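Labels run A, B, C, D, E and F following the written order; every chain starts at residue 1.
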């Protein structure tokens, strides 16, 4: 277990612990000497680190370290223009016996992936509509392995281990209530839309098993997860014999859930279930981003401007 | 009680019943004769009506009829370019003993105003935050009489008797769940925002006691219910001694709940409770408008284009 | 063969000839008498027509006439506020032996459908890329019957018999030259994009065999021909074993050919062949609409404002 | 009195004089030594300054210097990539007896604050409308102290000592003529709008007594000076018994003076006085920014791009 | 002199007087009889008029009446759906001896054209800059005849006899003050811009000598008065030997005075004189349109929505 | 002839060859020593270069080197964060006898300027319309010298030696085919539009004889090449006696070829030839930019984001 978390670093403290490498680069200083420029992270945040003097004998092992690797670092915490920084004395890649708890090192959804998956799976099993149930069950099964760790985005909302499951689960919870309030709405259709709406993010973005996205796939860039989702539903719908109207309505929900053309939806929702799906999606993203922005903000203060929130600054109240 | 509802009219049927006058005009036909051109309504819809021959002796009583009056009509149902229309034989204003049930004649929220008011009032009473509780209770009490019938809009969503209460109640119901899912959110603040966000529509739009808006007030046109709401909160907050931070946050929620500058909000929400308020508002409006658009649409068909839904046509599925 | 073309009508002339019914309605005049209100057309234009007195014995045969029917009309050409109009004396539906040349009655592309189809088919056969060739040939074969008459749009550009073929052919002709000028471009890919880009209009809009669109299909409204086109390519690509990269590029071309999100393309072209496809499409549409707008305009005059051309008026020069 | 003004610095000159600290930071050079990085200003401009070698004994006094302080500096003027810079030898905070003329050190409006205040106050006193006169007099009196130094903005137009008074005065001057040209306009209402339109900037932005803004207040960020202004007018109007119509019109003028929703005005002006107010405001801001941009530009040259002028470059003509 | 002004018509009054024909059309009633449908105007407003029975002997003289003609009408004032209307008994074209005062019949600027022209001409003569003086004098002289009656627009602001002169004069008056307030501004350049900015409206729109525009010219439609103005200045500048810098600056002022690309200015003002010109122009147009909208509005009421004012309704205060 | 091309540099290689200076600056390192910071280019690309130690004796000759100069450099190729860089040992300006082939050093159109000019000139000579022929011939002759080297833009598309000729030639080639497909189009008018549309870029941007733009001219900034082009056509048209309609149509084509107001065209094309001109222009620009973006991109990879292509990344396919 970790002893030193980034969020708790104290200036001048000497620390020895494990971190994940976000970026690593060997640079030439203005004094013509090489130094190592690092960005390292754990589950509580990120910090820059410098190793100023590098002997020739260190170079081979340093050259082996790559983005995404877990390393052991010995360093002193310094202060630099008001920001903490590590002055590194030793750094090496993790070896097999190192006592590492992955969850200490990475950002992750606050619930166990298995529990969230089970919650979602159960909602699918409870559907009365046999076709919607069949397609949800089938795609949940097929994609189970990757759902256990996939983030819901490359950056921004739910860019975290199992973030996609967390996003789906919270949307299901809110959607359940709305289907009680708006009784004319088909609750199974809403739930199926929620479960499937972002499923093709699994093929649009690439992610390692730590839930850290490493970019967009070729197909993701050329088509995007909305169109990919429609292709996926079309294929499964044919396999399970889903009627044409229901198939097209489900595809329409995927197509329209970003709502605005400039965000990727060439059509707007044309029935209430599609409309609700959009709002469940956007609310959960916004709530995530706002909570994220407020992390570390003092009561009575504003966060920095948040790009995904139209550059707003978010306020944390003092209360009384 | 009514016998003949507009939604159930059959061609060639002779009917005698009570209706509300939406518009009435005495016109000159191209044959140079006067006729009466009417739009009449009951709780199930609207229909045009013509009285072709008007004797001089009828004129005085006809001249007394005005928009918003309840009248008794004897007429035959005709068909005109696919639309039903009434050929009126007799029309007169309601007199005192006429056996009228107001709810048969007007559009109204599907729940009793008293019940909805009580639900909302109770939510205010249950607040733990004493200031938010005090301001909600005070304004609910002061405005109770008009809340019993006010619509939530001049046209569009919740333009119906007690539509404003219905709008608030459904928002409270959805908001409750969201505060369970997003546990970092101040539930009392969300509820207070919901209860107060449209309260000044009471002074922005004019409405008769049937919940039919008759236009915008002078102050409504020059300032609008957002700014009016802030002025109202400022005044009550001072009376009840609400702390400054809480007052300004509440005012900010009112100011931002339309979200986009072009819809009247010069600022965007800067904390999660304000963000949620906006979405609770827009979802309820959209669900209302969609359900409204689908009234009378056959399964497997689309509605007409709906202006408040960006000119979308809404689809009613066949099911299987 | 027709004797009297609408474009050549002279006032006070008595005509007897065949026309197509665009709209027909039985209306009640302000003198309380029924009259027949018609919009009739032939290949040279449209004209309104009225039949003022309708005897009871005429009603049954008149009731049989529907939109899209071909009728024989005897009438006098009148002038009405500067517009020509027909005062109809007799009207009846076409019967089997009536000597009708369909092309006299409807708007049609100026070349024979067979010739255009053959030109396009040959371009597909000449492709060196075996997969692109296979998919084009297959879809041209499967859709041949409807291509013979389908318009390229409900209104606007190429809303004419075999307008879709005409649109494709002209785009192929321009595209050929561009692939000579821009030698880095894959000419087969451009040609395949041209041939397939609007193919699913066959399933997006409904058309009778006269090339007159009668509206949008259910799937057309919920998904649109871009997404429908991708689904169609996905299916055929799998059947013929087209490699994944090529399939996705072709789908991307379909997805992006409207270019702007607000016109239905959620992505913009990401390689030159997709970029060219868009411009071939828009140029052909604009040239069609401009030529259409200038029909009947006198040299030195402007056309009326044209909605599809951003409300521009188009100028026909005097020359010298 | 100052001897060395920044605008007149000559390379290699040794100077000793007083300046204001805009920013100060202690940094670590790439040679691992500390240096002091400064931005200093006087009434004629700004210049960067570096103190390269810092002895341990200097540190305590240097640590006392903060943004906004006045310091005495001994330095040599150097040239750095075409820009002047100071190589600092000594720096210390001002002490009590230092012979400083504040106006030499800061940007300020070109007229005396007292004179401008008097001009504005007199215009209020000359009003025939007793309510408008009363509210203007009251708020001018209450805010007099801060008006003497407040800038009209954090950056951009009139971000200078007493810039707010200067802005108001110039608007009053132009407004006087317009009320002569447009005789249907209520001149007192225009003047009251001018005097009050930005008054709540006093509570929206924070400023030190040098007219240098140090950021936005909590209420300023959540509501903005338009809404704050309405609240202020509402309160005073009640105190002085201003009739409702006049109060709401004045509030409407405050609400609409930014004109466009995206600049903070949810409504547009609905009477001529409000319309004029907007244009008086924008003209004065633009004239300020253009004159500011042209400072230091050579005849026949363009300024740099100016963000507040839509990134335009402004031209200074050669004349003949 | 006129006896009966449209603004003063009383129901059932019989009137005989002169009016201008705005539109005239011979129509067929639903009773199959011809009637005359007129829109007639005088300096106080417009009113519709109908002549119901037209004998064959009247037709020849009626056929001679055209839009823009002055006619003598004998009629009774009737009331129609709350609007006044004339039931015409006799109508004939004006003959030579008819005692007509043109200003009674048309909308006109409230000052004499000669006086306004003289004011403007004098401002030009007073210029110190000899080139600007020369170009203004020359173009004022050349265009004097048409300036005496030209409106400043086809519809909207200053669409009235000599409206262009009135527009220029009021802009000069406001501009004079601004050049006193903003002393860095070249007053002659502003005045020259004002005098020349709309001069080519003389060639962009067609107008009869009553100041009623009858449409846009060919060149006006293809180029517009901004580009036409630049061509005109280029030509005269060469004739009078104006230096290149001054010529281009003046052309730039013409080019930019509409300010926004979508209103016809591809560039924005790049020096203060051009910026001021734009605002002088827009303020005068807005003040005209607002005053125009308020004509006939009762105190305490709003005008109808005004298209040229972004569909705003304008308010006329009650005062006290 | 060059031996070492930038695109082929290998790390650690020592090179001696000629390059063009894009930028040169003498800077002070953090170690307080001067060094030389260079960006140098040849026909295959650009590379940064540093000369770290500069002796006093080197300074005079270094101070003579300016942007745009050709220099001889002796250096070692190093690797810096994955980018190649030159460590310069010697650098001097080119002297008279240095064996330099200009085309080795700069970006240039892939065809000989003389050939392209001849192709364009011949198209003008072949015109049947004598006026269009005359104006094209005249302006081609007058501008021949600068056309031989002018780029078509400061940056972006065709920013290369003789890029303007290359742009015109390719547009002519595509335009020829379109005039065959759209037979209603005046081919001479299209060709004249193509030849003249950007001719005034010669006076809008400044360029040295290497086709490297050094900025915008005064007139270019205040008016732009569209308005400048109209002024030029107006003048020549008068000289050659071109009829007014043709002159204005040609000017309209220049005015509208950017199509959108925000790109500088205040009007949209109002006849087919102007419409085609726009699309010929934009297609050629886009094809240039896409081909440019793909230079150096590996098959199966995307380019960086390209600003002139709306920040798209462009894809280079693997093929099979």
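For this structure, a couple of remarks:
Methods note: a contact is a pair of C-beta atoms (placed from the backbone, for glycine too) under 8 Å apart; a residue touches a chain by one contact, two chains touch by 3 or more.
Since this is a predicted model, take the numbers as computed values, not measurements.
Shared contacts of chain A and chain B, meaning chains that touch the two of them, come down to C, D. Relative to chain E, the most remote chain by averaged C-alpha coordinates is A. In this assembly, the chain whose C-alpha centre lies farthest from chain C is D.
Chain geometry summary: the mean Cα position of chain B and that of chain C are 44 Å apart. Each of residues 30-31, 218, 221-222, 245, 249, 270, 302, 313, 315 in chain B touches at least two other chains. If touching chains are joined by edges, the resulting network of the protein chains shown has some other shape, matching none of path, cycle, star or complete graph.
Contacting chain pairs (ordered by label): A-B, A-C, A-D, A-F, B-C, B-D, B-E, C-E, C-F, D-E, D-F, E-F.
Only residues 170, 173-174, 176-178, 180-182, 184-186, 243, 245-246, 249, 268-272, 275-276, 279, 282-283, 286-287, 290-291, 294, 302, 310, 312-320 of chain D touch chain E when the two sit together in their complex.
Looking at the complex, you find that chain D touches chain A at residues 25, 27-28, 30-31, 218, 221-222. Residues 29-31, 52, 80-81, 300, 302, 313, 315 of chain E are the ones touching chain B in the complex.
Across the complex, chain F meets chain E through its residues 218-219, 221-224, 226-227, 230-231, 234, 244-245, 248-249, 251-252, 255, 260-262, 264-267, 270.
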